[in-house]
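Listed below are the structures to be examined.
In what follows, subunit A forms one complex with subunit B and a second complex with subunit C.
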Partner chain A sequence: MDHPIVTVLIAMLGGAIRVSTPFMFVALGETLTEKSGRINLGLEGTLVLGAMVAYATSYLSGNPWLGVLAAGGAGVILGGLHGYICKLPKVNDIAVGIAFMSFGTGLAFFFGKPFIQPSAPHLDSIHLGDWTGNPALAQALEVNPLFFVGIGLAIAMAWALKNTKWGLIVRMAGDSAAAAKAMGVSVDLVRFLATAAGGFMAGIGGAFLSLYYPGIWNQGLSSGQGLMAVALVIFARWDPIRCIIAALLFGAAGAIGPSLQAIGITQGYYFFNAAPYILTLVIMILSAGSKGAAREAPGELSITK
Partner chain B sequence: MTDSPGTNAGGSPSMAGRAPSLEARGMTKIFGPLVALDDVSIKVEAGSFHALLGENGAGKSTLVKCIMGFYSPDRGQVLLDGKEVTIKSPRDARAHGIGMVYQQFTLVPSLTGAENLVISRADAPGIIDWGKEKKALDAFMDEMPFRVPLDTQVSGLSAGEKQKLEILKLLYLDQRFMILDEPTSVLTPAEADEMLGHLGGMADRKEITVLMISHKFREVKAFCDHFTVLRRGKFTGAGDAKAVSIPEMSGMMIGDTTIRERASRKKGNARGEVLELAGLFAEDNDGMPAIKAVNLKVKAGEIVGIAGVSGNGQSALVETLSGQRPLSDGGIFIRGERFEPKRGHYDRFKVFGLPEEPLKNATVPKMSVAENLAFRSFDKPPVASLGWWMSPGPMREKAKELIAQYRVKTTSPDAPIETLSGGNVQRAVLARELSGDVDVLIVANPCFGLDFASVAEIRSQIMEQRNRGAAVLLVSEDLDEILELADRVAVMSGGTITYVSPIEDTDRNTIGQYMAGH
Partner chain C sequence: MPFNNLSRRTLLKAGAATLASVALPFGIARAQTAVILGIVYVGPKDDFGWNQAHAVSVGTLKALPGITVVEEENVPETDAVSKSMESMINLDGANLILATSFGYYNPFVVDLAKKYPDVQFRHAAPLWNKDKDPANAGSYFPYLNQAHYVDGVAAGLSSKTGKIGFVAAKPIPSVLSNINSVLLGARSVNPAATVQVIVTGDWSLPVREAEATNALVDAGCEVITCHVDSPKVVIQTAEGRGVKTCGHNASQAPLAPTGFITGAEYKWETIYKSYADDIAAGTPLPNFLVGGYNNDMLRNTAYGAGATPEAIKAADAAIEALKGGFKIYTGTLKDNKGNVVVDKDYDNYDPYLDGMGWLLEGVQGSTT
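For the complex of A and B:
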């Protein structure tokens, strides 16, 4: 059990579970938004603002779960604003998204200054691996409840998109606005709600960052994870279950650098740390060329139209 | 009326005798300075199959949109089964059992047929029990005269199946007054006849009442019992479709406009081969084969018409010829030399074209008429010197000349071309493409959506080019156009050419069968 490769694999497993959670939430939120026919590139800003609001709320109230909820609330506000602005005539959702990316991070830095120093109560984890007697494995299997919430959310979303009226309406708005309007569905309202709900999920992803892993609040916390999660949605072809798989893959890639360092391989540390970013690039190139992905893209997205 | 749609879905006890009658009286709709609809009345009896005829812009769509509640008419009333009803929105129309099939489908492509049907119901359940819904849908389908696979995504259905599904949707929602907007434009003649036959049968049994917008006289004569004609927003006639002759109907449609004499066909005009398409292959945007092994030769002084139902690769073929889509295999040859769809070659081989949707495919909408007219000549004298220095003076002069010669109606040569009407954009493109010496002419659906006068004019221009000795490839979804113009007809089905014949050795039925893929 002490073989270096095993150590690396265990560390990557732990990394996949820990690092994947924010990806998961942001990607699920973006999937919902894009399924309704709109792109919200501003989720990076939502993620950072969510992290800051969660940290501050947890510090001030002493209850980290209240922080999670507050982060979701901040996400709803940002998402709702995005949704509202985009329904004004001749507004481009991508441009608004980029503005919201800066707006969210800026807001977080502005209000978050006083919370960089103090330490806020963290979310507890569930120890799933203590019975193994292997400390490395036990540590890897310390799982935050939000991880399971994310998986549950993905399953619920996949089910709801097929089996509920609201799921079908979201898909309808995303695939053929003309058809939705002909049926008396208010496409703008559907997209507004989907963007707000997507913001809620991204905000929770941010709470995970500041309240669990890495569990601090500072300005370099997200380092573009929100943006990568948006790329991940394309890779997952707008399927919530595939979002989970893709998020785990990104998480594992992110854990390569630290875990190699743990067994003493320091060469190329920065290179391996860049793995998720390289993965993003490669995925973008591959999926841009993939004609299958183009077929599954919601027909109303401004990038596919 | 609160008969909620959907409650009858899955098997109403009796469908017969439920067809409503509808009457619109004195409908008037004014858009700014334009009177789109001027005191028009129409009466559709219960269980009748009523045709609404008229040229483009005659007010047919305005009338049905007023009935459907998309527009609120400035004057006029709608009576359903003799009682006045107020319809303020499509939702109201739906509640009254009035439904419409639009030319553009309103099905959601990524949803399956079953999902499309269930979600269209106003009382669709929050959580859908697919087991139960499937059973109800099966029972509903058993009563229907035609069926459509409900478990495949709509994007995977053929145009005919989509059209049927649209009609099934109206029946599923219990909308017994149906307005159909040119429902057969995407169907093969056989599919069209089958569908119209079923609808006619249902109307005869008093299950439904149909109001069909059309301008295919053949269908109107074969299936409809009554008709109403509009021209320039006014009522110009109505009657029994079986009793009134086609010339009388078309007289009501076009009025006393004089139509330019058609250019007559010179006999024995064809000479040596000019254009050869040799084994052309191309892919569509999703990477699926769009055209497969297209082989065709066109002689000088001949029109070869490519017939086919929309979506069988004709657009892709025209796009490869006009350089908008790369060939994955095969080659285009002109007089034995390889032709690459590039500017230099268009010039050298004198290849010209009139693509479908010219505003989109052959012009830059926001640029002026003069600039658009100069696309072929802006890098040649007199417009350009040294090949790059452009002088706007000669360009405008040339444009004025062409505008006068081809009677393009525009406020000035400097107006953006998008401000012109469809027929005038078509004329402007034609002016540009035919102003030089033409060896090869590629034309796609040249008369789509144009009025009678423009149609006659454009067709005779094409015929003149043929008589002059150009090799003309005419791609058209309008079989009548091909029968009128072509010397030889080729049928395209499933992305390839399945049938070629001289026009005198074939007939509508044979062509129709090949169009349907048999």
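For the complex of A and C:
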């Protein structure tokens, strides 16, 4: 075997690629929603429901990609409901989000019962590392197509928010509802569509969990990943490209705990397992002090008002 | 009973009993021999793990004459379990309640046992205390580490290097004993065998279990086994990486058609059947029932494609030895920090082993 540090680095690379995708999709969905001026904390519920729907659809139809699509559809429904309820007067989007978190997970547990035991067809991966001749590296470079879809989506989103009319309208709804109304834009409609689209992405993140990695459906599948991804959006300052970097960093840090134990550093695993959270906190503290940080937050968010 | 403590169910029960004594004189005679068994699970019955192991055993009881089984799953370790058990007693007439999750015992099982002295309560962890707890409550528990020892024997002979990886949930005595038993089993056939442990930190963390399995495979482990609530992720991930696997809690053989060797399984039906027989015969149930291979409370999963012929032979021999009282922790054994932790031959049920806080030399891992 290679040098221990190489082993850990390969594990971190593999972890970044394997674990990051659900964070990526949820964070991108939340970025779009928050850019339009709403917060949807319910994406944890969307992620879990998406995972369940994807697994069930893949099992019943035999086609995992149909499962991915169905998960996105479930996300659209949850996101759309959130978007619709939040436009009613005097409704707080954070409270509705928390309700949707419980609603989504509850719904998934209720309907997901018969699908815990069966094995559904999984998504295939692309083998990018077979030429290396190193089994660990080859495994780390086994990449699911959704990973590339996520990166492509982030680039497209970053470009569209900056350079297209639609992007401008979303940002305007998020930064100043009054200005958007003066321009004749229906702020509620923009936010409704942005929340539904955000739900679509979070649902696909769930499909990755149940159909690729770890590739099962059970009630402990997400264990809070959807919530962490929402937090990553603040960490990434509402920038799709930085969402990708944050998700990769988070995935890599998550691989530190198990891989350190694998090379023989066995003491203190509770501490190393907490590495992703510690890392996030440290970077947040280091970066939050700057004046630029405050400017990047959408002005209409209820947390910044 | 003070009037303000009279619950709706107590009232209903009193009413029903009055009615029954008037209208159905033979109903009571029938109730004395029939076993109505109520069983409560903490999770889904089909989790490929702990709950499934119980449910499968109860399934074999259903076929026996004179037994009615009432089940409820996903009952949290809260007041909810009291309600489930009470409705089994009052509405279904259960005369034996099996509470299968650790946290059900105190206060829920203890309190209900005091309230319903005619109903027998048994709980699946060695917690019953004869000085403090009601006489109609009790504990039952098989020592799974004996079956993990057999896993170790089979794994040691089914791999070239004897490097075994173990994904562990928490460093508590029952988990540590399973790890140590895998090592001792493997060392009995391959003195160079080692066990490498990765602790995930909780009973069900699917993503980290998958990461841990990948890390163990990357570190060169040829066989992967585990002690987590639902081993589906570990077995599936290891099979995907092309290494062999040993199961835990229930049969995971269908998940690993090429690499499955064998697995450690509880045989709860031995206990459940003996309870049912005792009730049918009118003899009191034992309050404290523990065991292992010597009294038919364990089994190993049928050998899979990953087991070599020598491994099958040696594992079968190990099972026979355990049935005959073979002791696992014997002689002088050091832990992986160099301290002597075993200095004599311990019986497999010795209380000293219940408090195990060490990993043996040959295990790469830590208890903190």
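The criterion applied here is as follows: the second predicted complex is superposed on the first by the 289 of 305 C-alpha atoms of A that agree within 3 Å, B and C clash if a C-alpha of one lies under 4 Å from a C-alpha of the other, contacts with A are read in each partner's own complex, and residues count from 1 in each chain.
By definition in this document, a residue touches a chain if its C-beta (ideal position, glycine included) is under 8 Å from a C-beta of that chain, and two chains touch if they have at least 3 such contacts.
Because the structure is a prediction, the values reported are computed rather than measured.
Asks: Label the relationship between subunit B and subunit C on subunit A in the superposed model as either fit or clash.
Replies: fit
Asks: When the two structures are laid over each other on chain A, which of subunit B and subunit C touches more residues of subunit A?
Replies: Comparing touch counts on subunit A for subunit B and subunit C gives C.
Asks: With both complexes superposed on chain A, which partner does A:236 reach: first (subunit B), second (subunit C), both or neither?
Replies: neither
Asks: Return first, second, both or neither, reflecting whether A:48 touches subunit B, subunit C, both chains, or no partner chain.
Replies: In the superposed model, A:48 contacts neither subunit B nor subunit C.
Asks: Does the superposition put A:299 against subunit B (first), subunit C (second), both, or neither?
Replies: In the superposition, A:299 contacts subunit B only.
Asks: Identify the partner contact of A:120: answer first if only subunit B is touched, second if only subunit C is, both if each is, neither if none is.
Replies: Neither partner.
Asks: A:223 contacts which: subunit B (first), subunit C (second), both, neither?
Replies: After superposing on A, A:223 lies in contact with subunit C but is clear of subunit B.
Asks: According to the stated criteria, A:268 is in contact with first (subunit B), second (subunit C), both, or neither; which is it?
Replies: second
Asks: Classify the contacts of A:165 with the two partner chains as first (subunit B alone), second (subunit C alone), both, or neither.
Replies: It touches subunit B, and subunit C stays clear.
Asks: In the overlay, answer first, second, both or neither for which of subunit B and subunit C A:184 touches.
Replies: After superposition on chain A, A:184 lies in contact with subunit B alone.
Asks: With the two structures placed on a shared chain A, what shortest C-alpha distance in Å links subunit B and subunit C?
Replies: It comes out at 39 Å between the closest C-alpha atoms.
Asks: Considering the complex alone, what residue numbers of subunit B touch subunit A?
Replies: Residues 89-91, 94, 102, 104-111, 115, 118-120, 122, 124-128, 130, 285-287 of subunit B touch subunit A in their complex.
Asks: Considering only the defined contacts, which subunit C positions touch subunit A in the complex?
Replies: Per the touch definition, subunit C meets subunit A at residues 43-44, 46-48, 196-201, 204-212, 214-220, 230, 232-233, 236-237, 241, 254-255, 364-366, 368.
Asks: Could you pull out which subunit A residues touch subunit C in their complex?
Replies: 1, 7, 10-11, 14-15, 18-19, 113, 116-117, 119, 135-136, 139, 209, 213-216, 218-221, 223, 225, 254-255, 257-259, 261-264, 266-270, 273
Asks: Which subunit A residues qualify as touching subunit B in the complex?
Replies: 163-166, 168-169, 171-172, 175-176, 178-180, 182-184, 291, 294-296, 298-299
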